[in-house]
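Going by the order they are written in, the chains are A, B, C, D, E, F, G, H, I and J; count residues from 1 in each one.
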Amino acid sequence: MSLINTTVQPFSTTAFHNGKFVPVSDASLRGEWSVLVFMPAAFTFNCPTEVEDAADNYAEFQKLGAEVYIVTTDTHFSHKVWHETSPAVGKAKFPLVGDPTHQLTNAFGVHIPEEGLALRGTFIINPEGVIKTAEIHDNAIARDMKETLRKLKAAQFVAKNPGQVCPAKWNDGAKTLTPSLDLVGKI
Amino acid sequence: MSLINTTVQPFSTTAFHNGKFVPVSDASLRGEWSVLVFMPAAFTFNCPTEVEDAADNYAEFQKLGAEVYIVTTDTHFSHKVWHETSPAVGKAKFPLVGDPTHQLTNAFGVHIPEEGLALRGTFIINPEGVIKTAEIHDNAIARDMKETLRKLKAAQFVAKNPGQVCPAKWNDGAKTLTPSLDLVGKI
Amino acid sequence: MSLINTTVQPFSTTAFHNGKFVPVSDASLRGEWSVLVFMPAAFTFNCPTEVEDAADNYAEFQKLGAEVYIVTTDTHFSHKVWHETSPAVGKAKFPLVGDPTHQLTNAFGVHIPEEGLALRGTFIINPEGVIKTAEIHDNAIARDMKETLRKLKAAQFVAKNPGQVCPAKWNDGAKTLTPSLDLVGKI
Amino acid sequence: MSLINTTVQPFSTTAFHNGKFVPVSDASLRGEWSVLVFMPAAFTFNCPTEVEDAADNYAEFQKLGAEVYIVTTDTHFSHKVWHETSPAVGKAKFPLVGDPTHQLTNAFGVHIPEEGLALRGTFIINPEGVIKTAEIHDNAIARDMKETLRKLKAAQFVAKNPGQVCPAKWNDGAKTLTPSLDLVGKI
Amino acid sequence: MSLINTTVQPFSTTAFHNGKFVPVSDASLRGEWSVLVFMPAAFTFNCPTEVEDAADNYAEFQKLGAEVYIVTTDTHFSHKVWHETSPAVGKAKFPLVGDPTHQLTNAFGVHIPEEGLALRGTFIINPEGVIKTAEIHDNAIARDMKETLRKLKAAQFVAKNPGQVCPAKWNDGAKTLTPSLDLVGKI
Amino acid sequence: MSLINTTVQPFSTTAFHNGKFVPVSDASLRGEWSVLVFMPAAFTFNCPTEVEDAADNYAEFQKLGAEVYIVTTDTHFSHKVWHETSPAVGKAKFPLVGDPTHQLTNAFGVHIPEEGLALRGTFIINPEGVIKTAEIHDNAIARDMKETLRKLKAAQFVAKNPGQVCPAKWNDGAKTLTPSLDLVGKI
Amino acid sequence: MSLINTTVQPFSTTAFHNGKFVPVSDASLRGEWSVLVFMPAAFTFNCPTEVEDAADNYAEFQKLGAEVYIVTTDTHFSHKVWHETSPAVGKAKFPLVGDPTHQLTNAFGVHIPEEGLALRGTFIINPEGVIKTAEIHDNAIARDMKETLRKLKAAQFVAKNPGQVCPAKWNDGAKTLTPSLDLVGKI
Amino acid sequence: MSLINTTVQPFSTTAFHNGKFVPVSDASLRGEWSVLVFMPAAFTFNCPTEVEDAADNYAEFQKLGAEVYIVTTDTHFSHKVWHETSPAVGKAKFPLVGDPTHQLTNAFGVHIPEEGLALRGTFIINPEGVIKTAEIHDNAIARDMKETLRKLKAAQFVAKNPGQVCPAKWNDGAKTLTPSLDLVGKI
Amino acid sequence: MSLINTTVQPFSTTAFHNGKFVPVSDASLRGEWSVLVFMPAAFTFNCPTEVEDAADNYAEFQKLGAEVYIVTTDTHFSHKVWHETSPAVGKAKFPLVGDPTHQLTNAFGVHIPEEGLALRGTFIINPEGVIKTAEIHDNAIARDMKETLRKLKAAQFVAKNPGQVCPAKWNDGAKTLTPSLDLVGKI
Amino acid sequence: MSLINTTVQPFSTTAFHNGKFVPVSDASLRGEWSVLVFMPAAFTFNCPTEVEDAADNYAEFQKLGAEVYIVTTDTHFSHKVWHETSPAVGKAKFPLVGDPTHQLTNAFGVHIPEEGLALRGTFIINPEGVIKTAEIHDNAIARDMKETLRKLKAAQFVAKNPGQVCPAKWNDGAKTLTPSLDLVGKI
């Protein structure tokens, strides 16, 4: 069964965020839109480019009222050092979440048991803690944050406009559809 | 557990394709790259726009040696009529796969039991039948085939160039990374 | 065990009826006689002839205070298109019930798991929701609505005249039997 | 699950037939078409009228190469006396099958445990022992053998003409349908 | 374990008795002595001779305040016809109990599953519903009602005279024994 | 289920017989007719009268080629003393079987667990070790060996004359019945 | 686990004692010291010598306020006859307990299932019903009541003198030991 | 169930014997008679008196070809020190067996779980490893080796003279009994 | 799972301490620091040297408010004799705890089932009964009490100074560390 | 049960060692002595001091033919960065083993599930892969490598000199003990 339209399971861990160690839990995700971005491990190859891509788009996520969370199975200690030593990761102003207990990676179905690491998984979660989109890649294939932004906008649009749906490749400003009996079999 | 890097389960069903009813099975997916595009139901609202988006990009999928499969839980009879009556769906030159037994939607974890319909799920599968990317949306949020094309190219690149990985927002022509001890902690 | 004299199980789905999508449930069957007519799939071969046969006899069913329900495992979306595109089905003034979850076909024991479709099954249900007759065919063998009318009249007669039974090939106007000790071993 | 298209389970019992006690088993049903006609009990009210209806149509069943079997949970001893004492039953030239062990009534799902009697059930079985139609009534509602003859002819027609189906209210001499891609959505 | 000194299990069925159909249950057995006489089937060979033997001795059973019940797995319909057609059975003024559900024959351990019939079993039951004697034969060996009368008298004697026992071949009028310490090892 | 027509279970014990301790087992019962006569306990009240009744009829049992076995849950030691001290039991020329392990009383379903003693049970067993009649009494009600002789003769008659049955109260010399179709419903 | 220092399990049976049949239960053992003497069977070889040995020492047991109980799996009827016929057993003034249900022999772990008899077991039980000594022999090896008397005296001595223990081969009048820290490792 | 006439279970441990540490196992017990003497603990109060009693009678045990084994749950190290420091135990020329694993005390059912110590238990075992007598006391009540010698002689006598049994209080030289039919009920 | 930071399980046993037998239980460990020192067996080789080492350091343990407990699976009786006979053990002023039930050795995971003895295990337990350090050796390798003292001091230091940790080879007087965000990745 | 004298379970992971990523498995531990040193997490407080203590004593471990392995649940990527950024850890010439799957920390019983980190545990393992000593601390209490060296020497001594044991606080050059009967109870 898909995680789509299920509520995030309870979790509790520690992140490095803006020079501090802060607690992060399922309660932290309530009240605003969240984007969880799982990746394999600190200090590796693709991961810094993805953190940097998130950092480059962070202003727009903030404009949409959404927080970004980077998650790996490393400790928050490693995340502090990563932030200090990696030029790319150093740009991150959002929480770098440690998951050494594997609680989060298991809850989102992105744990690789034989490696103890996460797959590249992105999840958009609404302010009620309900998962609206999921995207998971083999670790050699990285993501594009622009597409995540597009999906977030569509998710926010249909949340605000019940009774409308966003058609293929919709982006903000484009037309939406209002399902009705008349349209059945006519599009 | 994620479906990423698992092999497609055995299945057997019937599709409407280029004016004929043809059998489709897991064996059909072997030997070339495949893109499975699940959607809720024929004759509805967003689905035709997504079929049309796929049709508009089909030439490029074919250039990459990949087949596109649209899947709903309708019968192949409904798919024939949909193809005949919908201007958008009528553009489709790829198979419209019927899944009235719910075998495929269950195997890819996109079945909604209380509706008997599929979630919007896209899966890129390599010629060995191994799933490399997954993307699943709440049904009100449609997809963008350009992003699926980008992921397919990245998946094909790393398949052809073992030892390299595609960084964030990579598209064909862009630089890739070759993981090495020296890069650890340096990016 | 037979379904005869058992109560219809709870169900809830959507039908296309007189140009609208309407909810249908076990509660809809209470208060009047119902005839459930399962068939394999919209847009196929025998099914429209059977829908037409029901339409041709519908006036008489209505005179008897009975509603007719056509059921397939298609969606109500498909049923709308079927009604619009098939000359035969277009005559139907009764609900075309969608059963994409297979709940109804399973509840009446007419599901074919390897096809995801229904067998040809007809069930007469009294206003208390109790099944009084059942008739199920291999899908290549169609039914005759005149015979269903005859059974419905017999079911209604014995419901109204407790203590009487309808003998073989009884039709309205013919004699009935009143079981009594004296008749035992004498007919 | 329906019994349609399943093979008759093994059974073995005794019938009264043409003045003799004869064994009847699932093997007896192989090689010709069979019609099993279950009814509640010897010496009762409706049952003799149904036996008589079968007797009146027996010549036509024989012309179609089909045997008729009346089944109750009485013994074959009771069936002999029934045949001798009932003017209606006395016309029967086909086997009156005793089922005091309830083996047959259970196998065809027509047993009423709290009464130890059968429901009115009619089953058409092909020469391979496969059940093609089923019809079960509340015991107050009798059957019409003319309709059973119509179904038998349809079953025999599609058995002899694979690729054709009998449309609604088909009777011998009427047109049949040959399913084809072209007809999908066109009838 | 033997049924001796256990209470009759609850049952409920219908008998033919003095030209009427009457209900018979475990409650019917309370308040007077009962003799249950199981036999295989109506219309057979030995059974009428045993019914007749019971009828010939019925006056004496009645003098002892005991009712006789003949039980077969036939219906009460068959029992009516049996009573009308058999000169021997026609003498019966006691209930002919139908047991088509096999409830009674199973409760008294005299059911033959592979035949659906009862063994020849006779049970004497006291007014509290407790079984005092049991006698079961292979069906080819009939009983003698005189011996059942002798047992009934002995059972009634020891019920009325607690502290006494009836010695071998005791019949009414003969001496009984009063167990006492002195008799131990002395008879 | 009744023990009638089942084979005696294996057992092995010791009897006092004609001044000796002899082994008795299920094998001892093969090859001739046997009558097992269970009773509660040596040295008690009714039991000696029943042993004496058996002794008085023993000549006739022997003429019929049948052995009589008295069984109690006492030891064979007690049986020897019983034979020596009881005038009635002293007449016994047949085995007095000890069953201190309760194996036999349990196998014949006549054990009273709360007393460790047997009920009064008589079983006629054919030379193949198959039980043909059973008779069990509350311990206050004794048996009559003349009736056991009558049953034994009937059992032997039908064993020697397959196809015939002994009617009610049959005794040697009386008429028997030969079941046939013609007799059904005529006696 | 040993029975030593466990409480006697509930039991209820009948004994022959001083010309009467008396009930004996676990309650009978409360309030005075008891000696239970199990042996195989009445009327046998060693057993009378052991009963006689108990009788010869009974005066001394009574002086010590202890009752002796002989137990076999025979009935109390057999015990009465044994007492009357055996010169040795006739000396017994203590209860001869019957255990035909095997309840006592099982509770004291001295039952031989394949014989239905008891082993030679002697148990000394205090007035609270707690077992203080146990002695069990193969049945060919008899006991000596003088040793049982010695143990009984020791058991009574330590019960009356808490803090003292009876050393090896202690008999009444001999020295006892008072355990103390000083004696540890010094004797 | 009693241990009488069961074979000693496999065990393996270490004893202090004649100034050496020697292995002792169930195999050690085969080929000669053995007497196992369990007692609670080294360095305590009664135990040395029992070891001394065994030592005082050891010459006679040896004459009878029997070995004596003292067993406690202490280690063989403690047994060496016990032998050196206790004047009484120092007389022991037989093995002092350590059972710190509790294997032996559990196998002979003399373990006290809440203390980790053994009860006072004596077992006579024949050269085939079969237990012939058992004697278990509350720990405050010591044993008398003279009685163990008497039992050993009786056990050896009946082993050498099959068909004879030793009567009550038998000692060497006294008369034995030969069971025979004639003696039944006569002693 | 490790025992570290778990609470000592309930236990209850007896020790030899300063010439007396005293009870020791988990309650005894509450309120002061405890050091449990398991060793294989009294009277052996390495164990006295370890007891002596503990005795030589006992003054310092007492200064730290900690009690030392020596534990073996021997009885407290053996411990008294050990204390009296061993010059090394005789120095012990702390409890020598007997564990013949193996309760303590099992609770601390140091039991060797095939020997019934303990491994060499040392456990430091805080006044709340929580285990803070564990050390277990193969029995051929002895411990050094100086190291146990060092660990005890560290455990006491961090208990008194929450927020500080003792670095490698810390001993009293040396510097400790206060964890803080600034130190992460800097030491 | 303790891990002492059990064999290391199979494992397979990656370490950072002398500037390279190298595989480490249970096979790596065979053939030389190994010291496994678990600690909570890279980049933390006490851990670097313990790594440095190990580095300072590494020459002596190498002289003894033993390898040292530092283990945390971090990745080998983190270990590389730790080695580069920590002055203390930078001294390490032995493998820094990553255990992100928690396989090793679980196998050695030092995993803290609620933190995903290891306890401070040190294990000495012989060349056959058998664990000879274990030492586990609460994470606030660090270890002293000098004591680990002492234990390693003792373990190597008794491995090379079977029959000898190392007494308390033994260090190389000191006397050892040879267990013998004479020493029992004498030290």
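In this text, contacts are C-beta pairs under 8 Å (C-beta built on N, C-alpha and C of every residue); 3 or more make two chains touch, one makes a residue touch a chain.
No experiment lies behind these values; they were computed from the predicted model shown.
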Interface with more contacting C-beta pairs, comparing D-E to I-J: I-J
Distance between the centres, which are taken as Cα means, of chain G and chain F, whole angstrom: 40
Centroid spacing, where centroids are CA-atom means, of chain D and chain F in whole angstrom: 51
Averaged-CA centre spacing for the pair chain F and chain A, given as whole angstrom: 87
Where chain D and chain J are represented by their mean Cα positions, the distance between them in whole Å: 83
Per-residue multi-chain contacts in chain G, two or more chains: 43-44, 77, 80-82, 85, 184-185
Chain-level touch network, classified as line, ring, star, complete or other: other
Touching pairs among all chains present in the structure: A-B, A-C, A-I, A-J, B-C, B-D, B-J, C-D, C-E, D-E, D-F, E-F, E-G, F-G, F-H, G-H, G-I, H-I, H-J, I-J
Chain C to chain B touching residues, read off their complex: 41-44, 73-75, 77-78, 80-82, 85, 99-102, 113-117
Chain J residues touching chain I - in the complex, by the definition given at the top: 1-5, 43-46, 48-50, 52-53, 82, 85-88, 109-111, 119, 121, 132-147, 150-151, 154-155, 158, 165-170, 177, 179, 183-187
Touching residues on chain C, where the partner in the complex is chain A: 19-21, 77, 80-81, 84
Parts of chain F lying in touch with chain D, wherever the complex brings them together: 181, 184-185
